[in-house]
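Each in structure tokens, the structures are laid out below.
One chain, subunit A, appears in both complexes that follow, with subunit B as partner in the first and subunit C in the second.
Showing the complex of A and B:
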């Protein structure tokens, strides 16, 4: 049996302002792999990411730090940096048609632990005018137990389509 | 993609080093590192590959990374003919350690170099989020069977290190 265990699959095929995945992190796993596929947006935008704590509240405190290398196939590369921000603001930058919907692979470390910060690794590729990808890291410097997450668009328009799969990396002692 | 656990070690009391072995096929292997934290403050965390279970200390490690940093401009970090791989300096403050995913290629081959891709997200000894994105090669055509982790000085305080076969 694989040690990569599918925990949850959440998707939308209609326009939603945000998409939440709840109650997926628990004491059974310390590291999680999350994939976002065919993420089609109502407008060209950045998809942003926030955690949901054990009370079910979205974590909006100014305790997110991030560093994202922006890989633009049609232009120069960029550096996205934030400290003490209220979200992870560069999950993926993508477009409005199904063919141009982008994809993401993320690893999360220690979200459920209330004695460790929560860290992330992210790779994405979408389309703006040309192909556009990211390689990034982030941390939530808050000692709270995290049980889920939410994505939404920077500009407030809708996510038309996305499938999110959350896996746990099982460690058998 | 599936993952089959090959070896794991969780450090809950200080130890000088951690060794993960068990690579015995041509499959790709993946190592997941969680909360690799030192006893001493502001020390480098290191890694070597193992040959027959023993860390290889020869100066045959070439590495190249984009160094992502949340607090300042990104860096380019390249080293040739080193005797180890350096994750960077970490500390004793809250969560000031290494979290990493490393994919291992050709390790079991006696006729090819051992390659790895690596992505880290860490908190350094100043509590700043940074991480390396890149990889390394051990430029010796002989079989490798795992990885060895240690600190520049002092012991490893905590961490979970797991080796998976990718299926």
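Showing the complex of A and C:
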């Protein structure tokens, strides 16, 4: 048996402004793997990401840092960097049809711990005009206990479809 | 239902305790709450020159995310690329129906953007050396292979020794840009030479 444990599956097939996954991080695991699949957006846009704290509130403080390499199969690669931002702003740049919508695998480290920052690794691939992927890192520089997360679009339009699965990485002592 | 009771479970919601029955476990597994979530589909071990490693029973209807793990992979010819292709209806697509965007970093200096939006495969490793002990390792995630109304996306990361005998790592991804139900994955050398050795494990990532 592998040490990956499915914790939660959240999906939407109707247009929503945001999609939240709550109460998935706890003391059982330190490392989590999250997949985002079957995504279709109302407009070509960046999908953005925020954490939800133990009180159930979305963390909007200016304590997100990120560094993302943007990989374009049809043009020069780009760098996306932010410090003291209010979100992780480059989860994936995705399309308006499910056929062309991209997919993401993310790893999160120590979200539940209130004595450690929450770090993330992200790798995605989708399409804009051509194939377009990302490889990135981000951190929430806040010592708070995180229990969930939320995705939404930079431009405010809807997420028409998405499936989010959260797994815990079990450590056997 | 309450879990942890053999025989007739009590008709109330209570905390789990006691011994889980096989029915409990089967029910919990069906909901994704028990059992490992990385399920091995097939292992292929290569120990002599082989043209391609084909996974033709990928159980696509069970998984919308697949995970390929490659360890100690070695090319028979120096300075070559391990590559990926997909099959539809049992036939591997050799047309220019793939795109890739991969960033490479070498310990002997330099980075490179390896990209193409109209090509017949997706690179998995690049410029891999094949001298003694020069082997590569890496992984790839495949998304929505079985979905006939969706393109198939790949993200990957590999770590190798390059043709100059220095460390080289690659990360990025690609897309099979056809809306078709993919039923197979092929690993091969992009120039048609052989795979000398390696272990390839294909997993399904569990879903409910």
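To be clear about the criterion, the second predicted complex is superposed on the first by the 173 of 173 C-alpha atoms of A that agree within 3 Å, B and C clash if a C-alpha of one lies under 4 Å from a C-alpha of the other, contacts with A are read in each partner's own complex, and residues count from 1 in each chain.
Following the convention adopted for this analysis, contacts are C-beta pairs under 8 Å (C-beta built on N, C-alpha and C of every residue); 3 or more make two chains touch, one makes a residue touch a chain.
Predicted model only: the values in this text are computed from it and were never measured.
**Student:** After aligning the two structures on subunit A, examine subunit B and subunit C and state clash or fit.
**Tutor:** clash
**Student:** Touch check for A:67: first (subunit B), second (subunit C), both, or neither?
**Tutor:** first
**Student:** For A:148, decide between first (touching subunit B), second (touching subunit C), both and neither.
**Tutor:** After superposition on chain A, A:148 lies in contact with neither partner.
**Student:** Please work out whether A:111 is in contact with subunit B alone, subunit C alone, both, or neither, and reply first, second, both or neither.
**Tutor:** Touch partners of A:111: none, neither subunit B nor subunit C.
**Student:** Under the stated touch criterion, which partner chain does A:9 make contact with: subunit B (first), subunit C (second), both, or neither?
**Tutor:** In the superposition, A:9 touches subunit C alone.
**Student:** Answer with first, second, both or neither: which of subunit B and subunit C does A:30 touch in the superposed model?
**Tutor:** It touches subunit B, and subunit C stays clear.
**Student:** Determine, under the contact definition given at the top, whether A:133 touches first (subunit B), second (subunit C), both, or neither.
**Tutor:** Only subunit C is touched by A:133; subunit B is not.
**Student:** Check subunit A for residues that touch subunit B in one structure and subunit C in the other, and list them.
**Tutor:** 2-4, 69, 123, 135
**Student:** Quick check: in the complex, which residue numbers of subunit A touch subunit B?
**Tutor:** Touching subunit B from subunit A are residues 2-4, 30-31, 65-69, 79, 81-83, 107, 109-110, 116-117, 119-121, 123, 135-139, 141, 143, 169-173.
**Student:** Give the list of subunit C residues in touch with subunit A in this complex.
**Tutor:** It is residues 32-33, 35-40, 64-65, 99-103, 113, 115-117, 141, 143-144, 147, 149-151, 153-155, 157, 171-175, 177, 179, 203, 205-208 of subunit C that touch subunit A.
**Student:** Which bits of subunit B are touching subunit A when the two form their complex?
**Tutor:** Touch list, subunit B to subunit A: 1-5, 8, 10, 32, 34-35, 66, 68-74, 94-95, 99, 101, 119-123, 127-131, 133, 160, 162, 164, 167.
**Student:** Quick one: which bits of subunit A touch subunit C in the complex? Just the residue numbers, please.
**Tutor:** Counting only subunit A, the residues touching subunit C are 1-6, 9, 35, 37-38, 69, 71-77, 98-103, 105, 123-127, 130-133, 135, 163, 165, 167.
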